[in-house]
Amino acid sequence: MTRERSRRSLAPYLLLLPAIGIVLLALGYPIFWQLLTSMQKFGLAQQFGQPPEWVWFANYRTLFADSTTWVVVGRSIVFCLVTASVTMIVGVGLALLMRAVGTVVRVILQIALLLAWATPVVAAMTIWNWMFDWNRGLVNWLLSSFGLPFNGHNWLQNPLSFFFVAMIIVVWMSVPFVAFSIYAGLTQVSTEVLEAAQMDGATPGQRLRLIILPIIKPVLGIVMLLQIIWDLRVFTQIKLLQDRGSIASQTDVLGTYIYQLGIGSSDFAMASAMSIFVLILTVLLSWPYVRNLLKEDEAA
Amino acid sequence: MSTTSKLSGTQIGPASIEMTAPLSVVAQRGRSTPRRLTRALLAVLGVIVAAVWAFPVYWMINSSMLPSTVLEQKTPTLLPFGGSFKNFTAVLSSGTFVKSLGLSLSIALITVVVCLLFAFLAALAISRFRFKGRRSFVLAVLFIQMLPAEGLFIAQYKLMGTLGLLNSVIGVSIVYIAAVVPFTIWMLRGFVAGVPADLEEAAMVDGLSRTQAFLRITFPLLAPGLVASGVYAFLQAWNEFTIALVLLDSSHRTLPLWLRGFIQESANRAINWGEVMAASTLVAIPVIVFFLFVQGRMTSGMVSGAVKG
Amino acid sequence: MKRKFAGLTAVAVTSALLLAGCSPSGSGSEGGEGDEITMWVIGGDTPDALREYLKTEFNEKTGATLKIEEQTWGDIITNLTTKLPDANNTPDVTEIGNTQSPTFTNAGAFLDISDMYDELGGDDLLQSFVEVGEVDGANYTLPYYFGSRYVFARKDVFAEAGVEQPKTLDEFNSAVATIAETNPRSIENFSGFWLGGQDWRNGISWIFANGGDIAQYQDGEWVATLDSPESLTGLEQLQAIYQTASKAPNDAKDESIWTYVNDSDKRGEEGAEEQTSLGAASILAPGWAHWSIGDLDGETRVWNDDKFAAYPLPGNDGKPAPVFAGGSNVGISAKTQHPELAKELMRIIFSEEYQTMLGENGLGPANSKFTSSLGDDQFAKALIDSASNSKLTPAAPGWAAIEAKNIMEEFFSQIRDAKDLEALAKDTNAKLDALLNQK
């Protein structure tokens, strides 16, 4: 209604101006620089003032010809999809649980989740690193006190178990946001409808699939999109785990790979090319969700 | 206004359930088992999950009270009996914590306030107006978040150097705001759409000024949404450290950098887990307090449609 | 609630204002009152007393002010990469890790100070450190201080296993294998010598001690030499250590290794059983680790000569085996606005007074004339002896990239299970060659 009236007005553009302005200010030049640098030879010497050589797409060619790139890409995508799915499943489960229990238990649950969410990443990683320490870690102590052969077990040595630990940590950190968002969506599901369905003999599974899921679908969409974006770019958690143990070349993901190319090897051109590639990759991977969101947005 | 109400109205109703749901064994079992038992079991499950989730935080606080010689043993000490606040006094004695706290708070506050303001205006634009370029804007909002940050900071350093905003709270805040504002716009969009414009206009007809109408009618309706998105912006600004490292000199360290420095310093000698955990706790406490303080409002904020998509 | 919030805002606003006020000062003419130069030190290694001395001395000599900023090891590369090329924000003088020095000197980050070389100590300066600061014969960075690695051993466990303190590397190799096999205290997974799978900085000594090297400068370029017969002998000894003497995981690094030679004493509760964290009879560690080794006294560790011993890793030629030197270089930023003041600061750093102060604080002085200032206790002796034969990473421009890609870590982690050491060495050589000469 109001929309129609303001169709030709300047107002929306004025309202967008501050947001667009600050994004352009902070990211405009850096993105431009990154594009430019990705087509140059740009190392530490160039950073210290030597003129860079323009090489067009040579960096991209080198990058795509290197099998490491594809291994890292594949590894990151698998890690991202698995972690995002587990996060979503646990998050939905906890949201349903929050709805099913009484106020007291719900508040306890919410506070516990808030504690995990509020712990700064650097602090959280310190705790987790220590809990999974092979020599004095709590996890090994706990498992071996159940008689399992975990005394001195090194979790970070094997890449699979490294990523298992990484997944636990990332899930622990991201579930609170997912659970709260979905719980918010769940409050839109009317209790009467659910009770009526139960009277009519719908199983819990059917109720979830046929009543609850369709209602929270929009929330699921945006939350899943965010999880994919975040888990694909995961950096801090992997980097801090790598600093503790594991063979880096077996556990590099996109984020740490860019870091290793850039700051590590001072090859800022390759790091830029890789960043641009990751951006394109993320857009492609998240495109189905983005399209859905756009459709819903148009419909709203 | 929302897709959800439309869905619940049309797609699913009791009728559709009736058709697809035959009487099942599960339902019969559900009837024979007392409902109370199920609820009790769920409550127990809830408490267990809560305990598991909060455990790492508990572990951090527990360890922060124990001397490192106790922590070095293979058998963990699960309760901080006989512990003390010695680790905390040791950590605080250097005096750098308070300075970093002030710095982190000022950056986070500026980021939250400016980000909410800008995002609110933009959310107003995309939820109340149809205009040319709207779709591209929405797409841009989504895509900006996909940019990997690890490769950008050299250029951001050069940029802030040119603008003369190095070593300033403003420079760091600008970069943070730009990083957080897209998602905040997306979050606030649902809220703004939920406040009927007519309501405000009706109030103005009743003699309130535009500002009064906004403050008394629209703002209270938006408050939960602002809190929910504010929390998100706050957390991002509070946690980030690469930008802060690059744009500030080493006498101005935000809390994550302070903690990193502390851990590295400790690792260079003999890592003192007790003190490291005390330092971690100190960095976490302001956020936890802030969270618990806004907890009620935030959950209700998300409930009233924050991330509705 | 409201008042609290106002308080926070006040803090926020004040620090915002404070920060806004401290923009870089304009650079005027040099050497006068009111000028300020900045020096970066990394980590807490330079004690406060030394920093105060530098500030006071600098102010007395020049009338200008010296500001010392502390960087962290983890983030120093990021900060050097962004700030060193920026004339407005560069530190005038900076410490830099010795393995990081070649990459930055080759990129042109530092001022040529060849003309000061003799004045600052000349050939008395630690030569291996001078080399990593050199490009084409010109000096850019010079040694700041050095550290070294030596053996920390459990005398009591050695005695229980009936093993003497080894005098040669061969004796050491067999001693630690014997201890691991006899395991006198029946501790699960007990190591005779603890060597982490990725801990190449300690393990490399076996390659050096047999005459091998990582890479050599031949005919104008760097060539990896891990497959030379000498290197291979070292690798075989390492493999034996990894297979029998050391029970460390393949991915272990050198973090906090001293905890393995310590006992953890009884817990304070009554009747609690004795807890032991002892896991190894010996380790190789940087000298300052001795502060963390010893018996537990309250909450601190006190060195106990009856239990512990510290000595250089023996070589087979009567000299100590070559070890990796730790430590830093120091140089003047090429972009400094105050080259004369920065040079004055260098003169103070390389003065007899300051070099002696370094030694008195347990840091190996750059100038060998002042080594005696380290004192003459067993740690000082072990430090001086082991450093007398110390080496550094190749001064190749691409070395930083090799470290960033963790190539040496990965190489070492594969030694234990390698079926064909020569193939592994050749494989790693190829990876090194691809990067060594890359600018």
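Letters A, B and C name the chains as they come in the text, with residue numbers starting at 1 for each one.
One rule holds in what follows: a contact is a pair of C-beta atoms (placed from the backbone, for glycine too) under 8 Å apart; a residue touches a chain by one contact, two chains touch by 3 or more.
Computed from a predicted model, the values in this text were never measured in an experiment.
Counted by C-beta pairs in contact, the busier of A-B and A-C is A-B. The central chain of the assembly on a C-alpha centroid basis is A.
Set against the C-alpha centre of subunit C, every other chain centre is closer than that of B.
Centres computed as Cα averages put subunit B at a distance of 40 Å from subunit C. Taking each chain's centre as the average of its CA atoms, subunit A and subunit B sit 14 Å apart.
Put simply, the C-alpha centre of subunit A and that of subunit C have 36 angstrom between them. Under the contact definition stated at the top, the residues of subunit A that touch 2 or more other chains are 47, 135-136.
With touch defined as above, residues shared between interfaces to two or more other chains in subunit C number as follows: 78, 81, 255, 259, 277. Residue positions 72-75, 154, 260 of subunit B each touch two or more of the other chains.
Listing the residues of subunit A that touch subunit B in their complex gives 1-4, 6-7, 9, 11-13, 15-16, 18-20, 22-23, 25-27, 29-31, 33-34, 37, 47, 94, 97-98, 100-102, 105-106, 108-124, 126-128, 130-131, 135-136, 138, 141, 172, 175-176, 180-181, 183-185, 187-190, 193, 196-198, 200-206, 210-211, 214-219, 221-223, 225-226, 229, 233, 235, 254-255, 258-259, 262, 268, 271-272, 274-275, 278-279, 282-283, 286, 290, 293-294, 296-300. Listing the residues of subunit C that touch subunit B in their complex gives 8-9, 11-16, 19-20, 22-24, 40, 43-45, 69-75, 78-79, 81-83, 86, 88-89, 255-256, 258-259, 262, 264-265, 267-268, 275, 277, 288-289, 291-292, 296, 299. Across the interface of their complex, subunit C is touched by residues 43-45, 47-50, 134-136, 151-152, 154, 156-157, 244-249, 260, 263-267 of subunit A. Residues 67-70, 72-75, 77, 82, 99, 102-103, 105-106, 109-110, 153-154, 157, 161, 164, 166-170, 242, 245-246, 249-252, 257, 260-261, 264-265, 267-271 of subunit B are the ones that touch subunit C when the two sit in their complex.
Listing the residues of subunit B that touch subunit A in their complex gives 1-5, 7-8, 11-14, 16-18, 20-24, 26-27, 30, 39, 42-43, 45-47, 49-51, 53-54, 56-57, 59-60, 63, 71-76, 114, 117-119, 121-122, 124-126, 128-131, 134-135, 137-139, 142-152, 154-156, 158-159, 174-175, 177-179, 181-183, 185-186, 193, 197-198, 235, 238-239, 241, 255-256, 259-260, 263, 273, 276-277, 280-281, 283-284, 287-288, 290-292, 295, 298-299, 302-309.
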